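What follows is a pair of complexes built around subunit A, which joins subunit B in one and subunit C in the other.
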Partner chain A sequence: MMLTAYRVEMEKVFSKWRTYIGFIALGALVPIIVIALGIEGQDYLNIITQQFGSQFDFKGNLINGYTVAFIIFAALYVHVPFLITLVAGEVLAGEATSGTYRLILTRPISRATMVTAKYLAVVTYTVLLVLFMAIMSLGLGIPILGTDSLLVLRSETITILAGNDLMWRFVLAYCFAALSMITVASVAFLFSSLVENAIGPIMTTMSIIIGMTIISAIDVPIFDYLRPLFFTNHMNGWKFFFDVPANSEGMTYAADWTRVAISGSVLLLHIVGCFVAAQIIIRRKDILT
Partner chain B sequence: MMRVVSLIALTLFAASAAHARTADALLKELRAKMTRAKSYTAQLAIKVDVPFMRVPDMTATLKHTAPDKTTIDAPGFAMLPKEGVDLGALKLLSKDFTAIDMGVEKSMRKIKVLPSDESSDIVVATIWVDTVAMVARKVVSTTKKAGTVTIDLSYDDAKARAYALPSFTKISMEMDPLKIPKSISGDFDGNSRKQAAKPGPVKAVVEVRYSKYDIK
Partner chain C sequence: MNPPAIAIRDLHKSYGSFNAVNGVSLTVEQGDIYGFLGPNGAGKSTTIRMLMTLIRPTSGSIKVFGMDLATHRAHILRRIGAIVERPDFYNYLSARKNLELVGRLSGADVSKASVDRVLGIVGLGHRTDSKVKTFSHGMKQRLGIAQALLHNPDLIVLDEPTTGLDPQGMVDIRDLILELSQDHRKTVFLSSHILPEVELTANRMVIINRGKAVIEGSVQDLLNNGRLKVTIETSEVARAQQILRESSVGNHLQSVTHGELIIMLERHEIAGVVQLLTSHNIPLSAVTPVRSLEEYFISLTQEVV
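And now, the complex of A and B:
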């Protein structure tokens, strides 16, 4: 029963035009960014060469496929949530808007099954979008610009990672990105269960993300206590996979695993919390449309 | 017993004879030893230790052709100090210079070197010369661009030591603190006040091991 419901929901999700907006946007943007960085990416590194160029020589192909994939990852990561909410915010509220809730529930499936099937369809869409971003970034970047080391610029540190120590980091970082985006989808899904208009959940989720991001960016002491509570802060946990280089003493699979685990756990809690809350809300909902 | 006494006497004689030499003559002798190698290649293992940088250990190949053409090739990325890895401060000796004798320090001759070429990046260098082994043990150079760079040299490879080529160098310098705008790093979730409280310049150390010398 669940499999059938899931298949039906997947057909619904992928029969809508808005589902493809994310894929089209990424499909158009990523090649443009890859080509632009391939031509003028050196400017990105000037921030380093200007600061330390008098003391150090940097050799190697620093504008390579990994660097470009990393830059795309960091740049689009802020905007991809909007593409996710377009679908996740609509999936339950859309049924209310079009008046098909009661029609669905006349079928021999429980409300829990319906909500789970819809949620799984949203999760599938989210994972596919992140996978598409990964394939586009690495799949275009590496053949066009080759491979070499990656220079990771953070506010307080610069980390240089060897080319042969990067693929596993990207794989795990994209997995973490999927977890982050599922969190966004879960929040939008929860709001979608509360209202009967799809615009509301989309706008509310984006407002929360934008609000939390702005508060995090403002350097005021009182916000130091708030930042760890925001799920948007933990969404940046993918960067921790790029914080610790392997060294010659045989330390492999080096990353800031503690912070990865903390951020991952917080995101998982949000996912479970939002899903359970949506289940309870729909179960108790007085469906009149 | 007699051999030991003779060896000590010989060493003392060599040391006193070296001190008797002028700073200029000593450096020219060192230069002559270094230029005996028409060309050489060496494998480099480089370890960079900068407080705000996390850099994996790197390898590179050093190629030198007399008198002063030096190239460093790396299989991938390499971050190399502009001064020191190619023994640039000692390259000063291949051109005209003025030597000022600063006396003896820790049984080594301390000589200040002023390049005659005004376009040289090195403004002044101080070289500690081991007059027994006739090698430079330490070089402190003040450059126009990179500030003051200290290079400590070791000579464990006997074959390379015959040409005054080191087996290990430790390059120390001061670097400005890291300044990366949040718009570049994308770290909008951090607390930059902690970063602002950090003191000024930081000490950077680069260790280079030279191996597999091929000297011609």
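And now, the complex of A and C:
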């Protein structure tokens, strides 16, 4: 029954126009960025390496497919949550708005099955969107701009990762990005279970993300206790796959695994918490619409 | 002996201090077309929502085909097809796709032939691939009946199924309900606030008001037994009153107003009274019998309005 319910939910999700907004947006933006960096990438590189210019001499094809994929990842990652909430925030509340809870909850499937099927449909959509971003970024960037080393600039450090040490990092980074986006989807899904209008969950989720991001950015000691609890603070964990701690230089699969594990765990806790809460809410809900 | 299709006992639903349903009990036998009658706001839809597990009862029990709804939900819902209030669908999908999706969740045969057959029954055979957002309310109502029939349920729950239909549509739905009962041996639970609609289709009925079942029984017994309230319109009220007072029905004269007399009569007594008055050359402009239950129901409806 779960498989049937899941297929039904997938058909519903992918029959809606709003589902394709994310794919259309990424499908339009990524090629533009790839082409723009291909044309003017060297100027862009000169600007961002200006502070190191007198100490380092940068050689090789540094505006390559990996660099472009990394830049796109960092740039679009901030905006993808909005695309996710468009679908995840609507999936339960939309049934209430349209009165179709009456149609599906009078069927011989349990509410738990229905909620799980909807959640899995949202997760599938989220993973597909991240996968689409990965395929567009690497799939366009590498054939057009080739491969070489990746230059990762932080405020005080430069990490240069060899071209043959990058693909696994990108694969895991996109997996982590999927986990982050599933967290956003789970929050929107939880709010979607609470209300009867899809706009509410979308706006609330985005407000929470913006609010937490602002609080995280303000360097006030009292927020030091809150920051580790915010899921937004762990969503950038994908970057840790491109960090090579000083003590692990030269090691195979060197990355900041400790921070990856911490951030991943926090995100997983949020995912499980939101899903369980949504299940309880829908189970107890009187359908009055 | 077959268990009742529906057995509701002392059902309550409260929202804070407001009792939406306040101790409803009723029994629907298998094969019945059961009228669930009450004015708007009487608690009909709340009862149906509890029957369809959309809301939880505060207390009381619901058994369907002898099984407790609380413990055999999935098994019971497989045997029920329902329209609950408005017929809402996924407007961005076609009629066929809507039926396919909900049919799959009910374990129905959703082959093209099966879906086309059901859409044909409700008169939507020509619009199977049209998106529901292009449908009128009446067409959605028909589609609602189609989704209720698709998985061939034993019990069909119809909540105000003729709302929004044109006169021909209402007749079609009534005929369909009778056909489902007579030819396919389905049990039909028909909620309505229109007495004639129930009278024309149901064999048993209950009237519900303010969350309580007021009266339950055979439609025939409830509507046709007992005295009728007969209004006699004449230009010679005083003389007619005197003639009636001196007759055997004189004690049942209720009121006399300008231009009309109201008298409580058995159905078979009406012809005799008309003959008595015309034999005394009393000019009659109208003789209107109103059944006491009908009058009672109208008073309930007006009370709510």
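In this section, the second predicted complex is superposed on the first by the 277 of 289 C-alpha atoms of A that agree within 3 Å, B and C clash if a C-alpha of one lies under 4 Å from a C-alpha of the other, contacts with A are read in each partner's own complex, and residues count from 1 in each chain.
Please note the rule applied: a contact is a pair of C-beta atoms (placed from the backbone, for glycine too) under 8 Å apart; a residue touches a chain by one contact, two chains touch by 3 or more.
Model, not experiment: these values are computed from the prediction.
Asker: Based on the superposed arrangement, let me know which partner A:11 touches: subunit B (first), subunit C (second), both, or neither?
Answerer: second
Asker: Of the two partner chains, subunit B (first) and subunit C (second), which one does A:160 touch, if any: first, second, both, or neither?
Answerer: first
Asker: State whether A:103 touches subunit B only (first), subunit C only (second), both chains, or neither.
Answerer: Only subunit C; A:103 stays clear of subunit B.
Asker: Going by the contact rule set out at the top, does A:219 touch subunit B (first), subunit C (second), both, or neither?
Answerer: In the superposition, A:219 touches subunit B alone.
Asker: Using the superposition on chain A described above, determine whether A:115 touches subunit B (first), subunit C (second), both, or neither.
Answerer: neither
Asker: Figure out whether A:287 sits in contact with subunit B (first) or subunit C (second), or with both, or with neither.
Answerer: second
Asker: Once the two complexes are aligned on chain A, which partner has more residues of subunit A within touching range, subunit B or subunit C?
Answerer: B
Asker: Mind working out whether A:55 is in touch with subunit B, subunit C, both or neither, as first, second, both or neither?
Answerer: First partner only.
Asker: Is A:236 touching anything from subunit B or subunit C once the two structures are fitted on A? First, second, both or neither.
Answerer: In the superposition, A:236 touches subunit B alone.
Asker: Go through subunit A and flag every residue that touches subunit B in one model and subunit C in the other.
Answerer: Looking at subunit A, the two contact sets are disjoint.
Asker: Can you name the residues of subunit C that touch subunit A in the complex?
Answerer: 49, 52-56, 73-78, 80, 82, 84-86, 88-93, 97, 101-102, 104-107, 147
Asker: Considering the complex alone, what residue numbers of subunit A touch subunit B?
Answerer: Touch residues, subunit A against subunit B: 44, 47, 51-52, 54-62, 74-75, 148-149, 151, 153-163, 165, 213, 216-217, 219, 221, 224, 227, 232-233, 236, 243-248.
Asker: Using the touch rule from the top, collect the residues of subunit A that touch subunit C in their complex.
Answerer: It comes out as residues 4-5, 7-8, 11-12, 15-17, 98-110, 284, 286-288.
Asker: Can you name the residues of subunit B that touch subunit A in the complex?
Answerer: Contacts found on subunit B: 47, 52-57, 60, 72-74, 76-83, 145-147, 173, 175-176, 178-182, 184-193, 195, 204.
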